[in-house]
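Quick notes on the structure that follows.
The letters A, B, C and D name the chains in turn, as written, and every chain counts its residues from 1.
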Amino acid sequence: MTEPSSHEIENRKLDRGTYEHERDTVLQTWHTGKDVDFAKGVRRHHEMPDSKKFSVALANAEAAHKTLLQPRAGVALIREQIQLLNDLSPHCDVLPTTVDAYTRHNRYEEAQAGIDRSRAAGTSLLNGFPPVNHGVEGCERLVDNVSKPIQVRHGTPDARLMAEITLASGFSSFEGGGISYNIPYSKNVPLARSIRHWQYCDRLVGRYEEEGVSINREPFGPLTGTLVPPFVSHAVALIEGLLALEQGVKCITLGYGQAGNLSQDVAAIRSLRQLGHHYFREFGHDDYALSTVFHQWMGGFPEIEARAYSVIALGAAAAKFGGATKIIVKTPHEASGVPTMEANRAGLQATEQMINMIGDQGYLETDEIAQEMALIEREVHAVMDKVIDLGQGDIARGAVRAFEAGVMDIPFAPASVNAGRLTPVRDNNGAIRVFDQGSIPLPADVIAFHKEKIAERAAAEGRDASFKMVVDDVRAISASKLIGRPN
Amino acid sequence: MADARFKVVLGVIGADCHAVGNKIIKSVLEPLGIDVVNLGVMVSQDEFIDAAVETGAQAILVSSIYGHGEIDCAGFRGRCVERGLADILLYVGGNLVIGKREFSAVEAMFKDMGFDRVFKPTVDLEEVAELLKADISRKVLVCNDDHEVVELRIAG
Amino acid sequence: MTEPSSHEIENRKLDRGTYEHERDTVLQTWHTGKDVDFAKGVRRHHEMPDSKKFSVALANAEAAHKTLLQPRAGVALIREQIQLLNDLSPHCDVLPTTVDAYTRHNRYEEAQAGIDRSRAAGTSLLNGFPPVNHGVEGCERLVDNVSKPIQVRHGTPDARLMAEITLASGFSSFEGGGISYNIPYSKNVPLARSIRHWQYCDRLVGRYEEEGVSINREPFGPLTGTLVPPFVSHAVALIEGLLALEQGVKCITLGYGQAGNLSQDVAAIRSLRQLGHHYFREFGHDDYALSTVFHQWMGGFPEIEARAYSVIALGAAAAKFGGATKIIVKTPHEASGVPTMEANRAGLQATEQMINMIGDQGYLETDEIAQEMALIEREVHAVMDKVIDLGQGDIARGAVRAFEAGVMDIPFAPASVNAGRLTPVRDNNGAIRVFDQGSIPLPADVIAFHKEKIAERAAAEGRDASFKMVVDDVRAISASKLIGRPN
Amino acid sequence: MADARFKVVLGVIGADCHAVGNKIIKSVLEPLGIDVVNLGVMVSQDEFIDAAVETGAQAILVSSIYGHGEIDCAGFRGRCVERGLADILLYVGGNLVIGKREFSAVEAMFKDMGFDRVFKPTVDLEEVAELLKADISRKVLVCNDDHEVVELRIAG
């Protein structure tokens, strides 16, 4: 594959020849690639019981209005990873395998050093599981030794080899996307490139679908996890959903990370589902299964565990009131480090208690939620219209150009292709508003609304809105507040 | 541009993409009179050192948030020595190791690696600025006075 | 004092002579009574800084719409109690002293044995602090060695001596009431007697008020803490409030214990405030300061600490959305035993995190909340009308007769004077409804509404409503649910 | 009226007013064929024993929820012996001591006091009913057979 430019990238299904040709190269990028056998992978999936299939778990949850719980978990070695997942399994509905950060950047040699040092140290020195290094055989061992559906969760701009290995091994869900696994996760990867690499991953999933194997795909909703206005992450989720469906993906889960204000969060997760159906149908898709995932607070956590529990509980309540199909669960260790099994289990138990208590209650309906939903929808349409426009109807090309133009812009993202001009800040009720729109094409009245809400807060705090206020907001939850008010 | 007396190189080491703390550190230190050369995320040891050499910074502030700090920071002081920056101040902070561990053990490990100061995520950045200025000023004093033999590495 | 009957008890201010005469006897019921010096007590209070006065803390919180946090805490020995309160003090706004259960039943000899055994064991073997045994000198030492307002929290049908001792020592708030500290806390104490004894306590507080010392009084809201419909506890709180005001109390805090359904809880705490003003004014009082207190879940807790945190968090959210002036905080040890300082602190920290996050958000306004408020108000008026009627205008006499007639009736209460015919059960949204009204005079349409809501649940669960359902509800939260549904 | 073969006295000991669990226990045991003489809350040792003597119950189920169980239950077996009920089954359950303690230690303490079985608050009452029936049946067998010498107190 040569480097695609914004002119060449397009939202079109990769043809079989292109895909197969590229595949030959991909499988050679690390020695474990040679063991990938697609036909064998298909057989594995066909032989797998329904209880281990992500698509089935999601469909059942959707039908029964249940909310599935999923932890994060990844350690360096296979045996330890099996142990960890089996210890967590009774407390959750679907399993993860969180990938280490070297693998996310295709630094397999460093991952190998991490594996070796972990073995020597007798404890994981990697922040995740390195599936490429463990190869098909290792991943199969993992999948075979757990009893629930298992997903790959990472943050990899070029996840082609990882997808080939893990899906052939029996993982039945794959997180990520060309935007959401680039902008928040890398520094210098051209967007057209990562989108193109994710078309490959989606095409691979499409190939499985063609063989009657349903693999769930989940664009990464929370992005940088820090003051991301819902419309920003929704636009990314919708584009990645469309890109995935185009490649033949059929089972898709759109994600969102808790903003902290209950009304905004409930509105966001409800609108995400509606907008998903809206755009998917508008782009001619009708054969897909849609579900949603809510990520508990993805920003900096309070260090004190008791405080962390309340952040977790508020997220659980918002997710359940909002009707999310799945929750990605945080732990009381979040501020400190990769959680122990015990801390992870505690996060799951706290979350389960809350969703059970909320799930037994009525539908939460307020004017504020309705207004937030209407607002988010208008904002998303404004951005999406412009993206489609920039791409002259092509959403892939449009996305690349939108980032170039700052029409899409993710707060606090490290990627150099991200404009970084959009500046969010909380309003006086803690909802995330747009302080500086950068080049995001929001309608004038919407911008006026944001400004008014921010002015309300500024007045209440007796200070002007400024970047100082934004910094205060970033640190607020860790300091046990939602809004970073002056003392 | 901040007071040129205090110039530091800042970055997040290794394959670490955590960008938020990095932006916050810069936004707090600069108004306090520290000139911050910010390399952003995913910075290698050599990139840190290159920038320090180029800009004449008196200190390097290394962040590691994602847990691979123990691996990524190994040999940093040695590399500085090789590259002629034996005496540069090295600060490190963040979630330096995998998992929730006693800070004192983490601190000892990174001091052993040759870092002058080691910080938890909850550290007060205003206090860091004070320490930085004090440490840099002390170094300058020492360097201007050839006769004195002083322990350059900070003790506490 | 001779035993009052329902004919003799009346809601009238005890005259000075009656009070003084009774006092002489009261102070002789245990040897520490002789050290009580009212004039010296008044001086102590006058010399106390505002930062140690309950009435001031409550007034400030009311004015600033802040929510104060208060733990429960009581151990056998003075030095340990001082240590415990000072360890908790940085994490809360006002302090408690929870009294041991022997003292609550005036069994001072057993309390003394508990003190002695605790001293020998080097750890508290009492479930609270025994203020009567420690006497004025001991209580003064406690008050002098803490830096925040401190309240006596107990459960004592006859708390006259305890009130004399603790208030003279500088405690500035006293919990309880003639109904709320009898029906849930005792077995064979005639109601007229406990009401009469609490008129004494209130009169004592009134005497302090006459000397310019404001002492806060707080009827105990949650009663048995188990499936108590809001109108039941509201009626008790209102009656005890009226009885207190009659004796000269001026600073009053009405309480309510979390029911579990968010809408019902928010409605309950909001309506409690409104109803308080309504009845207090109707009975001719206008010189009083009213505040409210919300008790986090008072029923059986989940044993697993992570789960307990979510129960705590939901309570904190309801309290803050409802606008309570104070929260009585539970701990992750609740299901197991008297909490350690650390567990207590954790409960406070979790609660603070949640109320800060919720406090930064908008006013929660839903149709459901409005409907619940209207319902609670109608129910309370129905009961209160009947109580007033039964008492021929006298609320004390009315209360005694209402309990005799089952017009007031508290679920699961141990007192033999309680009818125990009112049977509550949750509806399909987890709100507490009336399954069997016993002799409670609720309007026909209100009863029809309750029946309809319960039928809705019964249909959803495919079983008839029955006492089995009630038992399932009692055990639900401990089993991580709000509603006790069949599996 | 339940099966007269199994009759137990139930109550909450001491100055303890926790009434909910008491009502629940009665409501679960009775439909399972156990005749429950319920004394409610705040029951003294002698009241328990009086009721057992009067009704001929084969077991006494003591609850202690409020934490003074250690004090209130001391000497219970001795008192039973004095009052001629040396062999009566004694069960105890609830939050038996002050604070969160290892259950095994609590169990050992109450077994030492002469209780036959000791239960946590989370115990499954259906299982308790089974144990109760088995224990009572065994005792009856033993008492009907004078010749055998059997350890009456249950081991596990």
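The working rule: a residue touches a chain if its C-beta (ideal position, glycine included) is under 8 Å from a C-beta of that chain, and two chains touch if they have at least 3 such contacts.
Note that the structure is a prediction, hence the values are computed from the model and not measured.
Spacing of chain B relative to chain C, judged by their CA centroids, is 55 angstrom.
Averaging Cα coordinates per chain places chain A and chain C 46 Å apart.
Per-chain Cα centroids separate chain A from chain B by 32 Å.
Judged by the touch criterion defined above, the protein chains link up one after another in an open path, with no loop closing it. Contacting chain pairs in the structure are A-B, A-C, C-D.
Here chain C touches chain A in the complex through residues 260-263, 302, 304-307, 309-314, 316-317, 332, 345-354, 356-358, 360-362, 364-368, 429-430, 477, 480-483, 485, going by the rule given at the top.
The touching residues of chain D, counted against chain C in their complex, run 14-17, 19-21, 23-24, 27-28, 40-42, 66-68, 70-71, 95, 97-101, 121-122. Note for the complex: chain C touches chain D at residues 101-102, 104-105, 107, 110, 113-114, 117, 123-127, 155, 184-187, 224, 226, 299-300, 303, 333, 335-340, 343, 412-414, 467, 471, 474-475, 478.
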